[in-house]
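Shown next, in structure tokens, is the structure this report addresses.
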Amino acid sequence: GQVRVSVAKSMSNLCNNLIVQFQEQYPDVKIVPNFGSSGALAKQIEQGAPADIYVSANPKWMTHLIEKGKIESDTKKIFAHNALVFVGKSSTDAQSMSDLQKLTRVALGSPNSVPAGQYAKQAMDKEGIYDEMLKNGQLIMAKDVRQALIYADRGETDGAFVYKTDAMLAINAKILFEVPLEFYSRVTYPVAMTKDSDGNADAKLFYDYIVSEAAHSEMIRLGFTLP
Amino acid sequence: MVNEITMLTLSPQDISAVGLSLKVACSATLISTPFGIACGYFLAFGKIRGKAVVEGLISLPLVLPPVVVGYLLLLSFGSNGLIGKFLNLLGIQVVFSLTGAVIASAVVGFPLMVRSIRIGMEAVDQSYISVSRTLGAGWWDSFFTIVLPLSGRAIFAGMSLMFARNLGEFGATVILAGNIPGVTQTIPLAIYEYTSVPGGDRMALTLCLVSISLSFAILLISEAINRKFRRG
Amino acid sequence: MQLDVELKKSFKDFTLDVAFSLSSPRTGIFGPSGSGKSTIMNLLSGLELPDSGFIRLGDTVLFDAKRKINLKPNQRNIGVVFQHAHLFPHMSVKKNLFYGYKRIKLENRQIDPEGLFKVLGITQLLSRDVSTLSGGERQRIALARTVLSNPRLILMDEPLSALDEGHKFQIIPYLKNVFNNYGIPMIFISHSVLEMRMMTDEVFVIQKGRIQRHSAAEELVRKSWGSGLESYVNLINLGGATPCKDLFRYKWGHINFILTEPAEGEENLFELDSRDILLFKRHPEATSARNLLQCTVTDIYSSGNRVRVGLACGNEHLIAQIVSESVRELGIEEGAMVVAAIKASAFKKIF
Amino acid sequence: MVNEITMLTLSPQDISAVGLSLKVACSATLISTPFGIACGYFLAFGKIRGKAVVEGLISLPLVLPPVVVGYLLLLSFGSNGLIGKFLNLLGIQVVFSLTGAVIASAVVGFPLMVRSIRIGMEAVDQSYISVSRTLGAGWWDSFFTIVLPLSGRAIFAGMSLMFARNLGEFGATVILAGNIPGVTQTIPLAIYEYTSVPGGDRMALTLCLVSISLSFAILLISEAINRKFRRG
Amino acid sequence: MQLDVELKKSFKDFTLDVAFSLSSPRTGIFGPSGSGKSTIMNLLSGLELPDSGFIRLGDTVLFDAKRKINLKPNQRNIGVVFQHAHLFPHMSVKKNLFYGYKRIKLENRQIDPEGLFKVLGITQLLSRDVSTLSGGERQRIALARTVLSNPRLILMDEPLSALDEGHKFQIIPYLKNVFNNYGIPMIFISHSVLEMRMMTDEVFVIQKGRIQRHSAAEELVRKSWGSGLESYVNLINLGGATPCKDLFRYKWGHINFILTEPAEGEENLFELDSRDILLFKRHPEATSARNLLQCTVTDIYSSGNRVRVGLACGNEHLIAQIVSESVRELGIEEGAMVVAAIKASAFKKIF
């Protein structure tokens, strides 16, 4: 049979690898992934686009779909966790949150639309620097994490808040520090089966596989933390 | 990025993306052409008031961000949408299918095609149409034997413009058709996916170069056709 | 052919309002620029929609505002030849020619294309590119294209006025040949008196959207006299040429003319300016004029200092134009006998 | 979405986005126009070989996904880029500034403008230029008094096309200029933000309607100008 | 004005290779279509680049391939009037007229626009829209536009050939007036013999890109005879008209002509077809011909069955064309006396 998986783009790498692993065990099951931003995927599902499993990078969109009755709510699980880090050139002098205000520019995902940006805002608020930095024009909003990373990587900004998994894509930029866990609520990637998947045994099979320990080694390799 | 151009190889998934892109751009262009010709004709020759409104509507996909266009298309063609419900009855699935990618591309490229065709049709001398009518040609006959050939250059220009635009279409496609490797993942979507893979930039660049070559090829072909039209 | 027409059509600052019936197969519509000639043609052919009225061709109603009948241009079977040939630029000469022909039913294809091409002298042009044709050639192709579409009536809207004199007279015999050979009635629109005389028998004169009068084509010229500069031109149909020493003899009724110009065929049209006829009271002795005709003065009409003298020579008629002084000197009056001297070179061949 | 149209209100941030969009679209269009005219002239009248290559290069931003265009612009205008380094010396900051948004819009809309102008210029009869030269007009004089006025309609058409495209430009702008409210957040970027939040659709729709109204206004203005050109 | 030219220019299948010097202010370039006339004009005006050679106007070098001198069209001070008027469609008539004028230095503005407009009869057109002008009006505006740009030399590339006969002869006197009044030298390009005779004094005949010969304009016609159909046209300059009963008397050297046509002014050009002159051995008695001239035959040349007879009447010359038979009958030979009869109406006014 066929399993349609809507995967948040920040998980595409992980998901692709998991699909390969899975199909070694179940060569008859065809997994059809669809990559996009969490919001776009949610809207597609809301409008009845075919999807059996939704892997989101943003818990809000999962909640939204549950409210709209598109999700088998009892299948909602935390799939993986991620950590927020601050990346930048090695020359950038920033070892902790308290150093940020000295920097000229810091990139982050737009807190309105990008979860990673929300976490970053939380962290900066906690440090009490967000509003001032925003007012001073020190904050550069990106449309997604990847864009924030590009800015830091190319030195357009002194640094950027990104997920640990994204930081591994950087060519020039290094992780300058990990944001302490107490500064932001935990980064979670929820996964759930949709109401549309009703009775698709293969979908259940894949769902069970990715939330099982079989997926753990790959997650760790790519920098995720386990649920 | 620049120092990594050395090795340009395409993965099987890339090749399928190139194939899909070609398929989508070609189908979207070919399917839109009759409608583009009809709209161009109407805007050039139509005598009804409110042409500006029609023109405005046709230009909408140009004005709105492609993502919004994609979302509006999703609303219409989704299984809850008006058109979507109807098409579902016929067993046609638009969302997450190549059909969807074609529709998204067609809608986004349409205003460009229509503008080009309109300009060409405005240059067709009405007298030729009159002559053909008095020679016994009905409206359609005259349209096909006089209007179309005489605006052929403009039509081909419009088609090549639309084709080029389609090669780069991302926003509307990703919403309506999804980004499904091997099914709806065209070149721009594949490029998008590469940006979340370590070292994906080089592969993205390779795909860009493929896009550019394709568009150059189309440009040269359309120039050649133009030259033929100018001569004949 | 019988054509009955009653039409009204208003533009912003022009109103056409005409009603006429015609049965002559060679009818002219004559009038100054802007008088509405082309508008009539557009209405007849269905390219424009009249405000009211009707058009009946034979027993087919082409248009009737009251009965809401309005045949499309392609259903009217009326051919049109425009001032500019409007050859389709994207087609070969051959494709142009057969455009209408291919669109008529097999059983209606009564005209033999080969024959027509020969009549129009365009056989050698078939393989040419449209853009390489001269003006006269283009008009002949346009005419052939229209004739091949087998129309019941051909409208010609100043088909000659875009041509220079040379081309114009080159094409007229072709036109006449076609209409004679194929018997297609036509309406000829022009503002040239000479073209009218050559192409039509009766003429509607139109001015400011209204028909002013309806007369024979010849009348047009005689009556139009008085405008001043133009002189009357005798159009003379002569038979075949017989060489006669190094000149040529032509029959004109019972009389022979000696001309310098040769001609092929049995029918030839020559132009003889009324001013080229010299009148003598008595037979002059040695003169370089080759033609000396004994004539009777039939009528005399004058305008300003010029006088036109109608002459009867056998059964044929001529008009000479002289100055009023000469009338007195020569004692010209109706019934008087005079000798008309015409040089062999005074005849100009039209075709 | 449809049943939510009832209340259309704009937040202060939205209003600033509309203002920025207008600023960016107008500046991009006006700044590009001289270059568009120059390229259009070259493509229409230039006698040098390899025009197809130039045309291909100009068309690039049309063929590539806007995000890629934005990335390439970032490479050039960024602080490590060739142009960026140079501009930095002059104290000009392109990245994360309105200037960047203007450049991104200009680059993306440019191919559309050039196509339109080129078609118009190709229709200008060379003889008029020759006549003006023999009447004592130098090349520039002749260009300004003959070529420009005679291709005025096409130039305005190109400008309005570009303006419309700019209103919808998202991908390149967001990369080069960032999405900074009040500084570089134009309408499409604001719409993107709204659509990325559950329940933001109504606000997004309001902004879409603003975009549409703006483009209709431009369309009507350009029609009016056209009519004037046709008359005069 | 002295113009020295040596030019080569090759196109794909055409090569122009000419060298000439000219000093006459009214020079013609005459040749069939495709012979390279317009190419010469384009090279002279700087619109096209010669492959090699030089152009010197007076003591200014406009172009010299060896010395790498190539003045731009706007630096050459050469005006051009094209076959089609090419009035700028986006400017008013007035703007068109002053386009060149505004671009010359104040101290060089030697021509009074008002006067020129009067000479060309375009004063009342200034406020008109360009698109409403007739062909003749357009050409006059184009001419005025060029003259106002104060050129040292005007090139006219078939400025009349797009006009019909009526407009053509309407504009020629304007042209002549302008060149007489303002003393601007000009080169007139045409393939019409008549235009050449009227507009120029000497003519370069060009064929297939090479200059064939250089001769006086009148020579052109006499020598070109033999092609057949055309007859020689006498161009006769007459003085002012004196009314004489209801006709008009004009002075022609010591002789008087009686014409039907009136004319204003002291200089009038009439056309007299050589075939309109009738020759008699003895003075005919009563005749409608108003002009009887005692002439001496000066020369005789013949082609086919036609003979042209040169006649001397006082100090003036005429050419009559008759048939060879008449030559025998009338005993015409060099030195013989004949009577030439010309009708008062045979003269056609050109201007």
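Each chain gets a letter, A, B, C, D and E, in the order it is written, and its residues are counted from 1.
Criterion: a residue touches a chain if its C-beta (ideal position, glycine included) is under 8 Å from a C-beta of that chain, and two chains touch if they have at least 3 such contacts.
Listed by chain with UniProt protein names: B, D = Molybdenum transport system permease; C, E = Molybdenum ABC transporter ATP-binding protein.
As the structure is a prediction and not an experimental result, all values here were calculated from the model.
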item: Chains touching both subunit A and subunit B; value: D
item: Of all other chains, the one whose Cα centre sits farthest from subunit D; value: C
item: Maximum centroid distance from subunit E, chain identifier (CA atoms); value: A
item: Interchain centroid distance [CA atoms averaged], subunit A/subunit D, Å; value: 34
item: Inter-centroid spacing, subunit D versus subunit C (mean Cα positions, whole Å); value: 60
item: Subunit B and subunit C, separation of their C-alpha mean positions in angstrom; value: 56
item: Sequence positions of subunit B contacting 2 or more other chains; value: 67, 71, 75, 192
item: Per-residue multi-chain contacts in subunit A, two or more chains; value: 43
item: Interface hub residues of subunit E, defined as touching at least two other chains; value: none
item: Listing of all chain pairs that touch each other, if any do; value: A-B, A-D, B-C, B-D, C-E, D-E
item: Touching residues on subunit B, where the partner in the complex is subunit D; value: 1, 52, 55-56, 59-60, 62-68, 71, 75, 112, 115-116, 119, 123, 157, 161, 164-165, 167-171, 188, 191-192, 204, 208, 211-212, 214-216, 219-220, 223
item: Contact set on subunit B toward subunit A in their complex; value: 67, 71, 74-75, 78-81, 84, 93, 95-96, 174-175, 178-181, 183, 189, 192-193, 195-198, 200
item: Touching residues on subunit A, where the partner in the complex is subunit D; value: 37, 39, 42-43, 60-61, 63-64, 105, 107, 110, 112-114, 137, 139-143, 147, 150-151, 154-156
item: Subunit E residues touching subunit C - in the complex, by the definition given at the top; value: 164-165, 231, 245-247, 260-261, 275-276, 278-282, 284-290, 304-306, 320-326, 329-330, 341, 343-346
item: List of subunit C residues in touch with subunit B within their complex; value: 45-47, 72-74, 76-80, 82, 84, 86, 88-90, 99-100, 103-104, 145-146, 149
